[in-house]
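Alright, structures below, take your time with them.
Paired with subunit B in one complex and with subunit C in the other, subunit A is shared by the two complexes that follow.
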Partner chain A sequence: MNEKGKTLSIFTLLVYFFLIAPLVIIALTAFGESEFLKFPPESFSIRWFVNAFQTEMFISTFIISLKVAVISTFLALLMGIPASYIISRGNFKHKRLIESFFLSPVLIPQIVFGFSLFNFLIIKLKLPVFSSLLIGHTIFIIPYIIRVISANLENFDYEIEEAAVIFGASPLKTFFIIVLPNISSGVIASFILAFINSFNNVPISVFLTGPGISTLPIQMMSYVEYYFDPTVAALSVLLMLMTTVLMFIIERSLGLNYFVEN
Partner chain B sequence: MKGKWSYLLIFPALLFIIFFLVVPILLTMVSTVQVDNGWALSGYANFFKDYYLRDIYFRTLKIAGITTLLAAFLGFPTSYYISRSAKKYRGIFLVLAVFPLLTSPVVRSFSWMIILGKNGIINDILMALSLVDEPLNLLYTEFSVITGLLYLFLPLMILSLVGVMENIDGELIRAAESLGASKFKAFMKIVFPLSLPGLIIGTALVFTGSFTAYTTPMLLGGDKTRVLSTLIYENALALFNWDQASLIAAVMIITTFTIVILINYFSDKLNPGGVK
Partner chain C sequence: MSFLSLENLTVAYGKNVVLEDFNLSINKGEFVSLLGPSGCGKTTTLRSIAGFVKAQKGKIMFKNQDFTEVPVHKKHFGFVFQNYALFPHLNVFDNVAFGLKMQKTVEAEIKKRVEEIIELVGLSGFLKRYPAELSGGQQQRVALARALVIEPDLLLLDEPLSNLDAKLRVEMRVEIRNIQQKLGLTTVYVTHDQEECFSISDRVVVMKDGEIEQLDSPEKIYRKPETEFVADFVGFENFFDLFQEGDHFKTSKDQLFKVSSADLDDNLDKFRASIRPDDIEITLAGGEQKENTIIGEIKISTFLGEKYQYNVETEYGEFVVNAATEKRVENNKKVNLYFPEDKIILVREE
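This part shows the complex of A and B:
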């Protein structure tokens, strides 16, 4: 620690102050009493939390966001686990190419993808808004699933699988009793990562909402356009609590080093 | 692997992506070169002839460029410090960088509305110090958009850099210093070149991220400081000008891909066979 100067540690602390202070400010503002957003708040109350829970549109969009995140994560896992399995286990030409194809949805600007899906699914194919929303979210979280599960499968010893087959287990049974339990931490971690990215998404959802169907982040955005009271700050605190819990699960299952390994 | 049939397992994901990602994107792209009697690039020519559109295009590039430079400037020393810290501190630094990354961009942009607003903290401080007579218009400017984007993407830059800096052997730096190199020189000759792969990844992530971000420019730029992504939304869902929206979308994709290819090209030149 003594090999670097004081300047560097002060610099780092200032950068971290920049990263953390806004979230602290939002949290403190949420507990303010006045009608408008003020920091520091003059007096404290939990009325804006109560208001958030009593605002029907936040409850209903929260439920939709939750549904979309859970269902699209399941769909993405359903397609992503077999694909990762083949990529890691199989021996075929253009393996790397196929893998990068599966990771390609992250290269497309989300706003462009959202708009193109709106054109294709809602205008051309006349699909219902909710299904379109599910499809959009599923596509964009597939890369998270494939990246984590493939990495997990790299460490799996396929000889165990072969042993099971030799002793007469069917391929399907082998997969469920041998392979799946061995990659459970990857499945949990990719579930959480996919869930959180779906739940927070705006640029895709913004094109795929309709009468009665909207997501919580979209609803929060349109709320702050008209009202500047601490209700959204209160919601932010609740969302940060959710993030904390989910991050704890990721830390346990995948380790935060995942984020620094490119 | 037993049996060729098992390769079929790859198809659900493959077909799903082809049908719901490749097809819609191609349709958008194709529609921009279709004219009544064939193909033409006139849409693109008109895009860059239009002062309004051209301004927004270069503004978006400028905002992304400044954000990336600032992220590199703030992220580089910070990541170096983290990578040389003791394990337990390193863990705390990583948690504090990952947490904002997993927090909703709406929440993160909203916090800057509180800070930069007319009655926000910055204006309160400036007024209290009598530096200004009336609150400044900080929100809905390029300044607020850049601040919000920097806030959004700085953790990505830090994490990309920490990943490579951790692998730099501390002995190398000590050796250089014991052979008479100043701290600064040792840093420039050893740490900087060895961190380039991380810097390149970070640059690509931050630049493309801020070039295409929607939530932050919408909340912190509004209709006063438009960028390409908010312009797509406005054309598609407020003006119902879908041709224009498709054109902007195509310009955005082409620019993003060009930038990624350029960054990859230069990283290959700088670092042949290195990490991408």
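This part shows the complex of A and C:
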């Protein structure tokens, strides 16, 4: 290995170290015995995992987070797939402008976005907390869906749709039997990506949650304010595990290169 | 009444008008090719017939019915795309069966007809393969089979052979012609390849800038092009002016020229005369000067293998001459160029 290669690999190792070390520390402390977060732990147990599962508010907020993530992802797919289709296939003025408009929610700082939603949905329209959460999350994750599915559609030759139509399939039928099966990997990947983003979101949820209804990440934050035991560390490990499994599915269905290239 | 006719068809992409008041009639069972350089509107014409492109104006009549507004999926046409456009998620059998399934043909009938056509294009044994697992030539056969199996009322092909290598191209065009004749399919074929087009068609439409330059049999197009563009396109590289005076022709320098094939029916007195590089006879200058001969000087000589090509400078401009001489005639030599009267054609000026 030459000099340059050596320096590069040292840097790579350092980057990996800073990325992974905090996660490793959290994972290890989660298995600690003591009442306080302590690294390295003196003895090991799984009591904080048990505690996490026994704490009612974690279970109930987990279910709310899950509901919000699943429903808002479905809603976002329902709007995002047709929108992506029209953006990538349509031929109209200001196409790029409309595309940017759909992608804009990720460009606005989430705090700002959350605050404005709070003003509009909760204060002005007086919507219930759960609906506000759903709406906020749906808008926030649509860009992820449009991004992935548009890229998928760009790679899908429009002539193939023309072929289906000339051989007797109506345009609508063509969408369901030709287009959808060929972008299914993108649909799965965008579903998971949107799900993860909704499930883990704090800055928007923090404005839209209210008395009685909270999401798991918000609950974890307020828990840390009062208790300093490793329960949150244990939960973090579980969440990491969930994300890893989901990312693994994306990798299998699309390949992570996909996101790097696009 | 013709089988398919385009009447005053006007097609534009935004401000770019591709076809304007375009007219074309095709008879039943005929194989017609649209030939021309890229951008001449041939593909647009084909796509308008299919209905992929909407015309701003004009009508498409098919079997005496107005087909202009008939939705694409109800036309029962076959189309072979340049890039094949096979369905990537379906195997060969399902790709070919697609059209029949859309027509709600019964399962047993589908199986029988698909297997027949697959056999015809020589792909038996590939039924379970996916498009990505096939070579270009095989994909092309699947695309062809998919279009043929529905026994379309009209078969449209958009440069279907342009992605294949030369040998396969010749094989496939013979195959396409055979199947077309066997099934008696009315066919419109788009290509920019002259030889391919001549070998396969009953009639050829030479197009330029969205207009028909000439519509004739391949032989007629090759031997008797009517315009300078068509002549140039089929290999008449040399052009000069001839003026008609009574029953003979004169050059711009008043030299007499005999032309035996002067059957152009226009009442013009000025023509563009044209001749192929192979048909000019080149000899060293000197001796008695025959009629139909121009004196020139060799500027460039190129060895082409079986012959030499000379660029000869004359008072009428430069001429390209191919000569199968044994030895190269040196540059700057004075030569006589003889134009046999039966090899000269007269075309309309651009």
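FYI, the second predicted complex is superposed on the first by the 253 of 262 C-alpha atoms of A that agree within 3 Å, B and C clash if a C-alpha of one lies under 4 Å from a C-alpha of the other, contacts with A are read in each partner's own complex, and residues count from 1 in each chain.
Criterion: a contact is a pair of C-beta atoms (placed from the backbone, for glycine too) under 8 Å apart; a residue touches a chain by one contact, two chains touch by 3 or more.
These numbers were taken from a predicted model, which means no experiment stands behind them.
Q: Applying the document's definition of touch, where does A:I178 land relative to subunit B and subunit C: first, second, both, or neither?
A: The second partner, subunit C, only.
Q: More residues of subunit A are touched by which chain, subunit B or subunit C?
A: Counted on subunit A, the partner with more touching residues turns out to be B.
Q: Of the two partner chains, subunit B (first) and subunit C (second), which one does A:E159 touch, if any: first, second, both, or neither?
A: A:E159 contacts subunit C only, not subunit B.
Q: Is A:Y227 touching the first partner subunit B, the second partner subunit C, both, or neither of them?
A: Touch status of A:Y227: no partner.
Q: Once the structures are superposed on A, label A:F17 by its partner contacts, choosing first (subunit B), second (subunit C), both or neither.
A: neither
Q: Which of the two partners, first being subunit B and second being subunit C, lies in contact with A:A169: first, second, both, or neither?
A: A:A169: touches subunit C, not subunit B.
Q: Contact-wise, after the overlay, does A:S116 reach subunit B, subunit C, both or neither (first, second, both, neither)?
A: Only subunit B; A:S116 stays clear of subunit C.
Q: Please identify the positions on subunit A that touch both subunit B and subunit C, taking each partner from its own complex.
A: 165, 171
Q: Per the contact definition, I'd like the list of subunit A residues that touch subunit C in the complex.
A: Going by the criterion above, the answer is residues 157, 159-160, 162-171, 178, 181-182.
Q: In their complex, what parts of subunit A are in touch with subunit B?
A: Residues of subunit A touching subunit B: 1, 3-5, 8-9, 11-12, 15-16, 18-20, 22-23, 25-26, 29, 36-39, 78-80, 82-83, 85-87, 89-92, 98, 101-102, 104-105, 107-113, 115-121, 124, 135-136, 138-139, 142, 146, 165, 171, 196, 199-200, 202-203, 206-207, 217, 220-221, 224, 228, 232-233, 236, 239-240, 243-244, 246-247, 251, 256-257, 259-262.
Q: Mind pulling up the subunit B residues that touch subunit A in the complex?
A: The touching residues are 1-3, 6-7, 9-10, 12-14, 16-17, 20-21, 23-25, 27-28, 74-75, 77-78, 80-82, 84-86, 91, 93-108, 110-115, 117, 119-121, 151, 154-155, 159-160, 162-164, 166, 170, 173-174, 183, 198, 201, 208, 211-212, 214-215, 218-219, 229, 232-233, 236-237, 242, 245-246, 249, 252-253, 256-257, 260, 275.
Q: Per the contact definition, I'd like the list of subunit C residues that touch subunit A in the complex.
A: 50-52, 71-79, 81, 83, 85-89, 98-99, 102-103, 146-147, 150
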